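Here come two complexes built around chain A, the first alongside chain B, the second alongside chain C.
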Partner chain A sequence: MMSKNTQADRNPPADKTAGQTKPRGKGKKYLVGLPITVWLVLIIIVPILIMFATSFYKKVGSNIEPIFNFGNYAKFFTDSIYIPIFFKTLLLALAVSISSIVLGYPLAYLVSRKVKRFRNQLYMLILVPLWVSYLVRIVAWRAILGRGGVLNTLLLDLHLIKEPISLFIYNPFAIFIVLTHISLPFVFISIFTSLEKIPKNLINAAADLGANGPRTLKEIIIPLSMPGVLSGFTMAFVTALGDYIIPQQLGGPNGLMFGNLIVSQFGYAYNWPLGAALGFIMFGIAVLILTLSNKASASEGYLE
Partner chain B sequence: MSRSRKKGLPFIKIVAILIACTAIASITAGCSGGGSAKKTLNILCFQGYADDTWVKPFEKQYNCTVNVTYAGTVEEMYTKAKAGGGQYDILSTDCGSVQRYYEAGLIQPLDMGQIPNTSKLSQFFQKNADYKTIDGKVYHSPIVWGSNNVVYNKDKLGTLPDSWSVLWDPKYKGEVSVTDEANNNVVTTAIYLGFKDPYNLTTDQLNQVKAKLIALKNNCRELTNGFDSEKNALSTGETLASVSGYDSGLILYLKNTAKMNVGRIMPKEGIYIWIDGWVLLKGAKSPDLAQDYMNYILSDEVQIDLAKSLSFGAVTPAAKSALDPYVCSLTDYDNIDNIKVPIFIMKNPENVDLRTQIWNDAKAAS
Partner chain C sequence: MEEENFEIELQNIRKVYGDLIAVDNSSFKIRHGEFFSLLGPSGCGKTTTLRMISGLEEPSEGNIFLAGEDVTYKPTYQRNVSTVFQDYALFPHMNIYENVYFPLKMKKMSRREADPMIHQILDLVNMGNFEKRLPQQLSGGQRQRIALARSLVNKPRALLLDEPLGALDFKLRIQMQKVLKDIQKDVDITFIYVTHDQTEAITMSDRICVMKDGMIHQIGTPDEIYNSPATQFVAGFIGDMDFIEGRADQVSDGEVVVAASGSKFVACRAVGAIRPGDPVCFCVRPEKVHILEDGEEDGRYINRINGKILRVVFRGNDFEYTVKAGDIEIRLIVPASGTFVRVVGDTMKIGFKSEDVIVYSYEGQGCHDEQKHAG
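Moving on to the complex of A and B:
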């Protein structure tokens, strides 16, 4: 409630700057949008439509025939493997996004609000993992979590264990750790950005009205940073939902996720229609989550 | 901003345009200049099967130009061939995919009269032509062969028995790995169970295989995907015995680079082998030259070059000297005729989708 009132007061200055950058003619405006539209259609819309069409095709012998049917989608519901693995994957994605937020929020808060010196350096340091290729990070985690890895060597040297522990890697736990590590910078960025957007005068006002630190955090900062939390959550969730490389590389014999089931229909199996249908089901879920989180963040508060 | 741009092109742009013009000019000149007399052979293959070492002499000998396009995966190969439309003359494929290329109407039969070097092949490859013959016609001319097999750490395990059973042995629980490939795992399990035709299994046999696959998975430390991951598993001690489709490469790496004492089983139930070879595409523009190249690959010199560069099994006995003696002592890659156990050549199975599903089910089971 309180946040809505205060925002109304802040709106006029924001409008001024928006008026200045308004394009002059309407025709020109469309022309500007043309390249990006063409790009969007060619690179994103058309491939998705092709995939959508393929999901209704049928594999006959070694060939894919354009015979319209719903069999591929029906398989998702009738075959006992898909739904349990799908929920397992959803659960993993949920765990990954929650843990990234639990880790990412305090980090973003610290860098945004508490650190004065080396603030930019710290910000960059958190983003450094993004410069390293995704595959290299997987290999690095293997070197950390493996039997002869850094973690085991350390524990052995400290005499905390007598024999290397095999439980760090090649199981769903390893997938969880590494996906969290991959998602963390994205979650950090979106929370950090939303924290930066909170005007100083709101916090000053809270202090003037007698709110202490925790109260300000609870009443002002957390509610106003929710859009960032939500978009970070979405980012982490969608990343974890679709990933199949990490389960394949670090998941071990029990690390099968839904992405792996999709991939297994390509390559040697050459069942693109089934793969496309499974892919589309996942795509649908991802779109649904994006829409919900967009709606949620839109109703949460508007700072611009 | 916009006004200054109209005045004239910046210097860098002019230079770029000039470079582009000369490049286009030289490309078109090259085409019209040399094209009339020389024939062209267009090859689509995996890296290593059209190396300059033997392609250059071939170009000289047959007065032709060879263009090589590489594909990284089986999938990419197939898609390129499908989209090709006469763009390629030949491509390299494992023998298991011949049926698929045939059913897709992509390949044409070979004229064996044009590949006389076929008589140089080891006896086994001459006698067993089923895998490459469809309706009495031959569609595949071999390059190299190899096996999917268990490579192991001899320092830690000693000498293992020559049986697939090591993969299921509870003694090695969490110490072994297999590749994450549905068909390969179904085939090796079927061989282990003693089924006569591991490529044509009954429903009952497939159910037995599935039960064994679940046990296999639960005995595994990880499921590998590709040579690097197998190399990593064994050399870091993550596993002590791993199945690999490139066992010779793995043996050499572990022995020479990781300085390990390494072994490989010769499974008494039967060995599972693949043969990579050439197929002739429909619409090939130079079918004669293409088959000359297939013939040339089987010559002693090229077999030696291939053995030197790839260390796969040689399809003719000529390359013995070029192969590592230790690898040969474990694998008989110098001559397949020396193998005493049953040999199962990779073939198109009865139902690829079913096998994919069985392996997925096994992986999902706990």
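Moving on to the complex of A and C:
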């Protein structure tokens, strides 16, 4: 009531538009948000819309013509090369996210609940890889997994193998290892955060009501940290789904992933419309996964 | 007495955190079915004591016995006691039924076996219709009842309650006090109740243990605690109390005469070794101080003061007057009915009996510090 009155006082009755103008404060708030909105629209929304439009164009000869058609999407389903690689990529992303969680959960649990001394140092140590450039990490992994790499040298010195083997590099296994390594800190952070959110009293209460350590973990800690697990899963999955540098650098002949197919359409093949269509198919999968995990963690998020 | 079986016994319990002594040399015994309160200001060690009984904290020294068995170093989940936490600690991802089933599940009891027990206990706390709800969907008082049900369903030897009503508003607190007391009678389980609220402790407990700075000051029935406070701290902490600083003048068997602000007062009760000349603190409950009408000569009111009214507070049922005479300020409480209202500045003659006065030897500091602490 008060604000309405002051509003009326401010606008003289002679002003015919007084009834229609928005309250001044609100208008200012919109202004504050304007630059960032424009920025986001320009660098994210507009390019996506352009690519979306491009995905319905057609490559004629060596030109891209704005002829509306569904041919690019149809090609994904009809050309036998795309579907198998698409599923291989999904499978790899799934394997990467599951292994990141299998490794990241115990790590987060230990740092959050069990370690007392050097807890912060340990936490930082796990996050250190994030400071190292993505490409440097790829090179480092090549030095570990390669024929003359650390792993082979070690196995040779232990006399477990007679000559260097190339089982570790230039195959999907190498991609899997390196993507897992890259996803791990993200998965760790998200699980760690959700573990930290669990009130100590719930753990005490569980013990008080007769639950020993493992049962408390199973009945209380794991269910309550599910939102972290889900968001970690999503992050790892989406990262692994779209990556094309690691497959290109470490994947070898069998390591062609869906991301590489998309990139090549924008490069050698110079078929942007097809590339855009394939990109949108992947984009759709990522959006689907994000939506599902958001829904799931909304219903699991008891500790907000 | 010696042969009696105690439910819980603490022997010389001490708990130290670094330099801080949280609990010092505490010993007490609690009988089966007793409603036992640990009462004291925050930081007095009452919650730490409770946590040591439940096993969430390990004592630095001393032993804890549950039904005669030494459980000092037994993990929490192997002790047959249950705690009701201040914030209830209900599991947010389980509905009410699952929450109450939890302790039975931990005992490997099947759902079918547990079902009647769960229904029975939920009915006991009047929450039978809420089985399918999540804890977040309940009010504070309802969560309290569920926490109680969850702790009781296991039939523990003792129920430990850590300021369970602290988060509730006044009306609900009074109501829950009755609920708790009724439930305790129904289930016949020992209750150990931690609170900083002296009214709560007095109205609910069979016995009270008053603590301060990790030390036990007194253990006794509410009547003993209220009427014969063992230390100056207890006197100030429990109920309302007037403190007057003075000096012991004459000390004889069963009587101490105290000089304060040029007057002499007689007290029948003294605590601590008091010799003539010692600084002392004597105290009397405001409701034991009477107004002496002009011309009234009641010989029972040996101790008399003529003073001016400094403050008048109307409290509904009664008036609280503060009377000042020399250095002495004394509050008295008189029923609102039957007295005409006096105003600030009026002179007033007041008196109190010698048997209502307790004299304490100084405990290191003046009595008014204590008073502030208690408030």
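Criterion: the second predicted complex is superposed on the first by the 269 of 304 C-alpha atoms of A that agree within 3 Å, B and C clash if a C-alpha of one lies under 4 Å from a C-alpha of the other, contacts with A are read in each partner's own complex, and residues count from 1 in each chain.
Methods note: contacts are C-beta pairs under 8 Å (C-beta built on N, C-alpha and C of every residue); 3 or more make two chains touch, one makes a residue touch a chain.
Everything numeric in this text was worked out from a predicted model, so none of it was measured.
Undergrad: Using the superposition on chain A, decide if chain B and chain C clash or fit.
TA: fit
Undergrad: Mind working out whether A:77 is in touch with chain B, chain C, both or neither, as first, second, both or neither?
TA: neither
Undergrad: Which holds for A:248: it touches chain B only (first), chain C only (second), both, or neither?
TA: So A:248 only meets chain B here.
Undergrad: Quick one: chain B or chain C, who's touching more of chain A?
TA: Partner touching more chain A residues in the overlay: B.
Undergrad: Touch test for A:134: chain B only (first), chain C only (second), both, or neither?
TA: Neither partner.
Undergrad: I'd like to know which partner A:30 touches here: chain B for first, chain C for second, both or neither.
TA: Neither partner.
Undergrad: Considering only touches as defined above, state whether A:59 meets chain B (first), chain C (second), both or neither.
TA: In the superposition, A:59 touches chain B alone.
Undergrad: Touching A:39 in the superposition: chain B (first), chain C (second), both, neither?
TA: After superposition on chain A, A:39 lies in contact with neither partner.
Undergrad: On the A-aligned overlay, A:212 touches which partner chain: chain B = first, chain C = second, or both, or neither?
TA: second
Undergrad: After the superposition on A, what does A:170 contact: first (chain B), second (chain C), both or neither?
TA: first
Undergrad: Determine, under the contact definition given at the top, whether A:224 touches first (chain B), second (chain C), both, or neither.
TA: second
Undergrad: Once both structures are aligned on chain A, how many angstrom separate the closest C-alpha atoms of chain B and chain C?
TA: The answer is 38 Å, the least C-alpha separation in the overlay.
Undergrad: Taking the complex as given, what residues does chain A use to touch chain C?
TA: Residue list for chain A touching chain C: 199, 201-202, 204-212, 215, 219-220, 223-224, 300, 302-303.
Undergrad: Under the stated contact criterion, what part of chain A meets chain B in this complex?
TA: 59, 61-63, 79, 81, 84-85, 142, 146-148, 166, 170, 248-249, 252-254, 256, 260-261, 264-271, 274
Undergrad: Can you name the residues of chain C that touch chain A in the complex?
TA: It is residues 54-56, 75-77, 81-83, 85, 87, 89-93, 102-103, 105-107, 134, 136, 150-151, 154 of chain C that touch chain A.
Undergrad: Using the touch definition up top, name the residues of chain B that touch chain A in the complex.
TA: Checking each residue of chain B against chain A gives 73-75, 78, 99-100, 103-104, 174, 180-183, 217-218, 220-223, 225, 229, 232, 236-238, 348, 352-353, 356-357, 359-361, 363-364, 366.
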